[in-house]
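Please read through the structure below; I'll follow up with questions.
The first chain written gets the first letter, and so on, giving A, B and C; residue counts start at 1 in each chain.
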């Protein structure tokens, strides 16, 4: 596929308890774009992201990746295209060692062990974590876990990267490295985050969510500078923008 | 089970990750030799004492060659001792039949069998502990799986092991929160307990659900693939062959007795 | 209570390993077939949960002491018998490996004693029929209590049997039994309390969680009335027969004879008196006291009590093994 368009049409989802976490979400993200998904706690960001690789299936509406609608049948194929970094890296790192964890995806897709290992090491080098390859994941710091979680996804060479709060728990250096890493990707990127400074640096476009709907979308500078919009949805105008555009 | 347990698991894992000639042996070799060891030790009759002693060579040698601190194994041994000690103590109480030892001493049979129980306990438990400390949980699971442990169980063990830390952490945080809000460190009533542990349970289940999503996201199809295609090497064969021969020898001849006679000059 | 390596003979350890391994293999296959890969992480995480839950104590009403969750029954309720058995086995394995609770030779016994009875007896034959749909809180409470107590009583009796069969401890069968059963009555009550407390919370907070995980597998093992009947008959026959057949040497009698033949009755009279006191207090099997502690009589009555309980437990064990063989055979037949 050359066009990794990610598209949602009138997407709704209800959790088993009866809570409607998404109600009629629509958007379209084109190839190579970096888009931020922002909004207050409980807005439905994580829920939305889980629909992008078929971890959750919509109650109504649909999600398309390229020409393919996300359904139970297409989900395995979709997951090779859409790499997902989950909110809590502890959920994502379940193998005995870092290396085995990063190789888990490639091995599942039928690569020979030697080849899978090469890929895993390359992915770990990319995030600067190759030296930790023999460690068990639970001995890593929060930032290291996060970086390794990203490596597990990179090792599968996805076309679309979906990340849920990638910069939470990172110290300034870890966060800086993450931002540089995210900027260096040519993948289509969709990043849910509360870190608006990261948004300013990485994502030219923003979707604002609240209460299970998209309340605004557009260029980052425009929306993030809209004090009124930001406050209404539990957000805050980033400091860096205040400096650049004083009133 | 408590904080100390979680810390003990952690220490065990650190030792499991050491590098030594013992650690480099294949997990299968060590597991099989350990099982043979335990079965041999347990096959002695109930009054046996002296013939058991040569078997200490095995855990001693392993601890020595692996760099695992002996104190660590010893401490765990002591912590685990009470049950064997309690039940064993009935033997001297109940079994008063005199047994004659060499040199004309008479001892109640119960004391002999009690001593025997303690020796067996120390031997088998230290062997099991050293096996793990020289291998590490993940390698041990992979080895056991190759020896025929059902895959579901091997995978289950690994997951259990991986998430002990994560969930124990949650439990500790909850307990701390509870202690802060309750007076005098009293345990909660069943009702409060139910909601506390119930929360822990629901969180654990949610986590399992998220892990499953994360696994699917990376192509999980019911199988857990592994990287290492382990192979048995020369040292494995030497290790297994050497120890098995020793076990047979020490089972058939009372080496301690022979040695004692040799040293004291007493003829049989 | 965990069986320890030091008290067990290779024959008994090996036999129990075989039984547990057989059941594990069966459960493994069953879970694999029913899978629902979701169970893969769910089982592991719930195993870890059991460990973590044991760090939290609750105070037992009206006693001043505290207890915690053991885990067998709640796992069966959440996962159904097969998956629960696998989880219990892995929890015990980790305990044996890391904390030297039990030991490797005794692991087969422990998996059987602490896994089989809650998962394959107490849950399907006691908890489920008694609890019904689980919507009636009182019924669910009683069900968990009875199931936990029975499961632990069976497990304790198993420990005693295995120890006696091994012949390494000099504790006579009946004495040991009278020590173990009351202790495990208390442990069972605590387990029942803890289990209901947690289940009641989950049933209120998120009822679908109880259906979600247990549902897939639990349905396939509905308590069959035939089996329940069979179970009762076996228990009855085993109990009654071994009471009356007290003059006939059977499998267990030699081991009791072996122990009692060593002159510990005189030596143990003091102990018997102690036990009699304990027994009066706990009123366990009140008709078969040791108060008339003339040595011969004591032997006779301990022997009888021992044999009756042994008959019950032996019957259960045989039934369990037979059930296993049956499952195995039916599996083969379906495969053909």
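As a convention for this text, a contact is a pair of C-beta atoms (placed from the backbone, for glycine too) under 8 Å apart; a residue touches a chain by one contact, two chains touch by 3 or more.
Remember, it's a predicted structure, so these values are computed and weren't measured experimentally.
> Could you draw the chains as nodes, link the ones that touch, and say if you get a line, ring, star, complete or other?
complete
> If you average all the Cα positions, which chain's own average lands nearest?
So the chain sitting closest to the middle is B.
> What's the farthest chain from subunit C if centres are computed as the mean of the Cα atoms?
If we average the C-alpha coordinates per chain, A ends up farthest from subunit C.
> Just the chain pair, please, that has the highest number of C-beta contacts.
B-C
> Taking the mean of the CA coordinates per chain, how far is subunit B from subunit C in Å?
Centre-to-centre distance between subunit B and subunit C: 23 Å.
> For subunit A versus subunit B, what separation do you get between their C-alpha means, in angstrom?
Roughly 43 Å separates the two chain centres.
> If you average the Cα atoms of subunit A and of subunit C to get two centres, how far apart are those centres in Å?
Measuring from centre to centre gives 48 Å for this pair.
> Residues of subunit A that contact two or more other chains, please.
In subunit A, residues 94 touch at least two other chains, as defined above.
> If you look at subunit B, which of its residues touch at least two other chains?
137, 158-159, 162-163, 166, 207, 211, 215, 220-221
> Multi-chain contacts in subunit C: which residues touch at least two other chains?
In subunit C, the residues touching two or more other chains are 41, 206, 212.
> Enumerate the contact residues on subunit C facing subunit B in the complex.
Going by the criterion above, the answer is residues 1-2, 4-10, 13-14, 24-25, 27-29, 31-32, 35, 37-38, 40-49, 51-61, 66, 69, 78, 86-87, 89-91, 93-94, 96-101, 103-105, 163, 167-172, 193-194, 196-198, 200-202, 205-206, 209, 212-213, 262-264, 267-268, 271.
> Which of the residues in subunit B end up touching subunit C in this complex?
Residues in contact with subunit C: 1-3, 5-6, 8-9, 12, 34-35, 38-39, 42-43, 46, 76-77, 79-80, 83-84, 87-88, 90-91, 93-97, 109-110, 113, 116-118, 120-121, 124-125, 127-129, 131-132, 137, 140, 150-153, 155-164, 166-168, 170-172, 174-175, 178, 186-202, 204-205, 207-209, 211-212, 215, 220-222.
> What does subunit A use to touch subunit C in their complex?
16-17, 94
> Using the touch rule from the top, collect the residues of subunit C that touch subunit A in their complex.
41, 206, 208, 212
> What residues of subunit B sit close enough to touch subunit A in their complex?
13, 17, 137-138, 141, 158-159, 162-163, 165-166, 207, 210-211, 213-221, 223, 225-229
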